[in-house]
Amino acid sequence: MAEFFFMGGYAAYVWPVYGLALLVVVGLVGQSLLDYRRQLRLVSELESKAGGRARRAARTHRSDA
Amino acid sequence: MRRAFSAVLMRDLRLATRAGGGGGMAVFFFLIVVTIVPLGIGPDLNLLAMIAPGMLWVGLLLSALLTLDRLFQADFEDGSMDILMMGDLPLEALVAAKAVGHWLTTGLPLVIAAPLLGLLLNLDESAYPPLMLAMLLGSPALSFLGTIGAALTVGVRRGGLLASLLVMPFYIPVLIFGVGAASAATSAMPSGVYGQSLSLLGAVSLVSLVVGPVAAAVALRANLR
Amino acid sequence: MSHTATSLTITDLACERGARRVFDGLSLSLEGGEALVLTGPNGVGKSSLLRQIAGLVEVSSGSISLAPADEDHPMAARLHYVGHLDALKPAMSVHETARFWADFYGGAADVMPALDAFDLVPLATLPVAYLSAGQKRRLGLSRLLLASRVLWLLDEPTVGLDTASIERLKGLMEAHLEGGGMIMAATHLDLGLAQARHFNLADVARQVTA
Amino acid sequence: MSTLSTSQRLQAFANPTRFMSLSGRILGPMAAVTALLLLSGLYFALLDSPPDYQQGETVRIMYVHVPSAWLAMMGYMIMAGASAIGLIFRHPLADVCAKSAAPIGAAFTFLALVTGSLWGKPMWGTWWVWDARLTSMLILLFLYLGYIALWATIEEPARAARGAAVLALVGALNVPIIHYSVVWWNTLHQPASVFRMGGPTIAASMLTPLMLMALGFTMLFVTLLLVRMRAEILRRRVRGLLLAKADM
C-alpha cells in the first residue's frame, strides 16, 4: 500500500493534482449550490413580503439533488 | 476625527470589494502585463530570470497607476466630494484615508500576486523573499504619491491618463530602489547594495506618507475651489 | 437640537467663475431662527453663493463669517450643504449610506430617526441603485438630521420630491428654525415658511455684457 | 415525462419557468451519473492502469489535465454558442446560459493550467514553461476572466448580456488565431517542441481512465451549468422584486 502512495517517486506531483482537482470540483459544486439556495431564500423572502403575487413561481421549484 | 477617518477608509474598502472592485482589476492587469513580456521577448528561461525582478516592478507600477484616477473622481462625480471636504476631517487626513484604502485594495493584492507571477518569469528561488519585502516596503509610496496625480486631475476629462503621466516621475525612485533590492539578492551585486536599496526604499516610502497627503490636499483645494 | 444666538454675516462678497464675475458687493446677514430664500433667474449665482458659504468655491473678495466664532471647527463643519447631487453610492444600501454620513459627521450612531423623518425605513436594506430619483433625493436630504449643524444651505431641495415629502421637509425646516438654526435656500417653489425673507440676487448681480 | 420530440423538448427549455421545472426534474439523475462516472474514472486512473514506460506514474496527471483542458475549450465554445443564440435569436435563456458557463469554464482552465505546471515540473525542472499549449490555455483564462469581469461591472442584466455576448464571440473568433500565433511564436524560439502533451499514441489501457474522466467532467459541467442557470434566473427575479419593492 505504501508504494502506491509513493507514486514511483512522483508523489509530490501526482497527489497535488488530484487534490486540486477535488478542491476545484468541490468548490464549484459547493458555490453553485450555496448560491442557488441563497437566491431561492431571497425570492421566497421578497415574495412573501410582496404578497403572494408570484406564489406560482415559488411552487414550481422543488428541492433537487 | 479618527471616527471620520475610519468611516472613509471602511467605506472605500466596502465599495472596492463590492461592485466590480478596483483591486481585482489591477491584479488582472498585472497578470496580463507580466504574461505579454515573454511573448515579446521569447520563452528563453534564463533571459526571463534575469529581467524578472525589473519586469515585476514595472508591472506593479503600471497596475498601481491604473486605478489612480478613480481615487477622487468617483466621489467628485456623485457629489460626495463636497461632503468629504466639509467635515472636521482635515483634507490631508482625508487623502491619507483614501491612500490607505487604495493600498489595501490595490497595492497589497498586487504585492501578494507578484511572487505567483514570478513563476511565469522563472524568477530565481532566492529572489522571492527580497522581492516581497521590497514590494511591501515600496507599494505604500505608490498609493500615497499616486493621490497627488489623482487630486490634480479631479474633474478633468480623461484625467486618468494625465494622472499617470504626472505621477510617473515620482515613482522612479521607488522603481530604482525596489528593483535594486529585488535583484541585489540574486545577481552578482556588491554585497551592500541590498541593505542600501531597502533602506532607501523605506526612506522614500516614509517621505511619501507625508508629501503625498499634503501635496494632494493643496491640489484638491486648488482644483475644486 | 438648539443653537444659541447664532448669526451669519456676509459683507461685500464677490464671486468669479472662470473669467466671468458672477456678482459682487453682496452683503446680507441672517439671524438664528431665520430663513432666507434666494431668488433670481438661472445663472445669477444662487448656487455659487451657497457653495461659497460652504467653502466649496473661492471667495475672491469680501468676507463670510458665522458667529459665534468656534475655534476647533472649520466653518464648513458647522453647516450642511445639500446641492443638486445626492452624493450616493449605488452599491451601498440606504442604511449603510446614512451610517457612513453619521460616522463621518461624528453624529448619533442610530440613523433610523433621520431615515424615518424622510420615510426611508422600509427601504433601509435596499441598495441605492434600486431607488427612484425622489427616494435618492430624500436620502440625500436625510443627512441634514444626522448631525446638528446650525446653518442649512439648500440648493433646490424640493426637486424630484412628491408633495408628501415636501411637507415633511417643510416641517423639518420649521423645527430647525425653532431650534435657533438658520436656513438659506435657493428654490423656485414657494415653501410657505412663515419666517422666510426673500433676497433677489439679480439686484446684486453684475449685468453680464454679451 | 411525456415523450416529447426533441425539438419540442428544446423548445420547452426556452421559457424560464418551464426550464426551472424541467431542469429541476432531471438534475437528480444527472448528478448521480456524474458521480458514478467520476468515481469509476478515478478508480481506473489511480488503481487500475499501468504507469507509462517513459513518464512513470506522472502519466496519471494526464487523466486530470487533459480532460480539464478539453472542458476549458468546450466551456468557451458553449459560451460563444449561447452568446450567438442570444444575440441573433434574442433567446431569453441564452445569456443566462453563457453567464453561468463562464465560471465553470474558468475553473477548468485554471485546473488545466496548474495540473499542466505540476506535470511540467518533473519533466522540465521548472514550474512554468512557455509551451504553446500552456500559453494558449493561459490566454484562454484571460478571456474567461475578462468575460466574468464584464458581467460583474455592468449593473443592468440586459445591457451586460449584450456586451458580454459580443465579447464572447470576438473571443471565440480570436482563440484559433491566438493559438496559431502562440504555436508559431513557440517554434520560432524553440525549434523542436520538447514535450508533446499526452504522447503520440495513447495505450489502450490508458484510454479507459481518460475517457471516463472526460465524460465525468463533461457531465459535471452540464449539471453545474443547469444549477447555475437556475440560480441566475432566480437572481434576476430577486432583482425584479427589489425594483418592485422600491416602487411601492
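Here the chain labels run A, B, C and D in written order, and each chain numbers its own residues starting at 1.
The criterion applied here is as follows: a contact is a pair of C-beta atoms (placed from the backbone, for glycine too) under 8 Å apart; a residue touches a chain by one contact, two chains touch by 3 or more.
These numbers come from a predicted model, not from an experiment.
Asks: What pair of chains is linked by the largest number of C-beta pairs in contact?
Replies: Looking across every pairing, the one with the most contacts is A-D.
Asks: CA centre of chain A versus CA centre of chain B: separation in Å?
Replies: 36
Asks: When the centre of a chain is set as the mean of its C-alpha atoms, what distance in Å lies between chain C and chain D?
Replies: 55
Asks: Please set out, as single numbers or ranges, the residues of chain D touching at least two other chains.
Replies: Residue numbers touching two or more other chains: 155, 242, 245.
Asks: Which residues of chain B are in contact with two or more other chains?
Replies: Touching at least two other chains: 19.
Asks: Can you name every pair of chains that touch?
Replies: A-D, B-C, B-D, C-D
Asks: Give the list of chain C residues in touch with chain D in this complex.
Replies: For chain C paired with chain D, touching residues are 90, 123, 126-127, 129-132, 135.
Asks: So in the complex, the part of chain D that touches chain C is made up of which residues?
Replies: It is residues 155, 242-243, 245-247 of chain D that touch chain C.
Asks: Contact residues on chain B for chain D in the complex?
Replies: Residues in contact with chain D: 19-20, 24-25, 28, 31-32, 35, 38-39, 42-45, 119-120, 122.
Asks: Provide the residue numbers of chain A that touch chain D in the complex, in ascending order.
Replies: 7-10, 13-14, 16-18, 20-21, 24-25, 27-29, 31-33, 35-36, 39-40, 42-43, 46-47, 49-50, 54, 57, 60-62, 64-65
Asks: Considering only the defined contacts, which chain C positions touch chain B in the complex?
Replies: 54-58, 73-74, 76-77, 79, 81, 83-92, 96, 100-101, 103-106, 143
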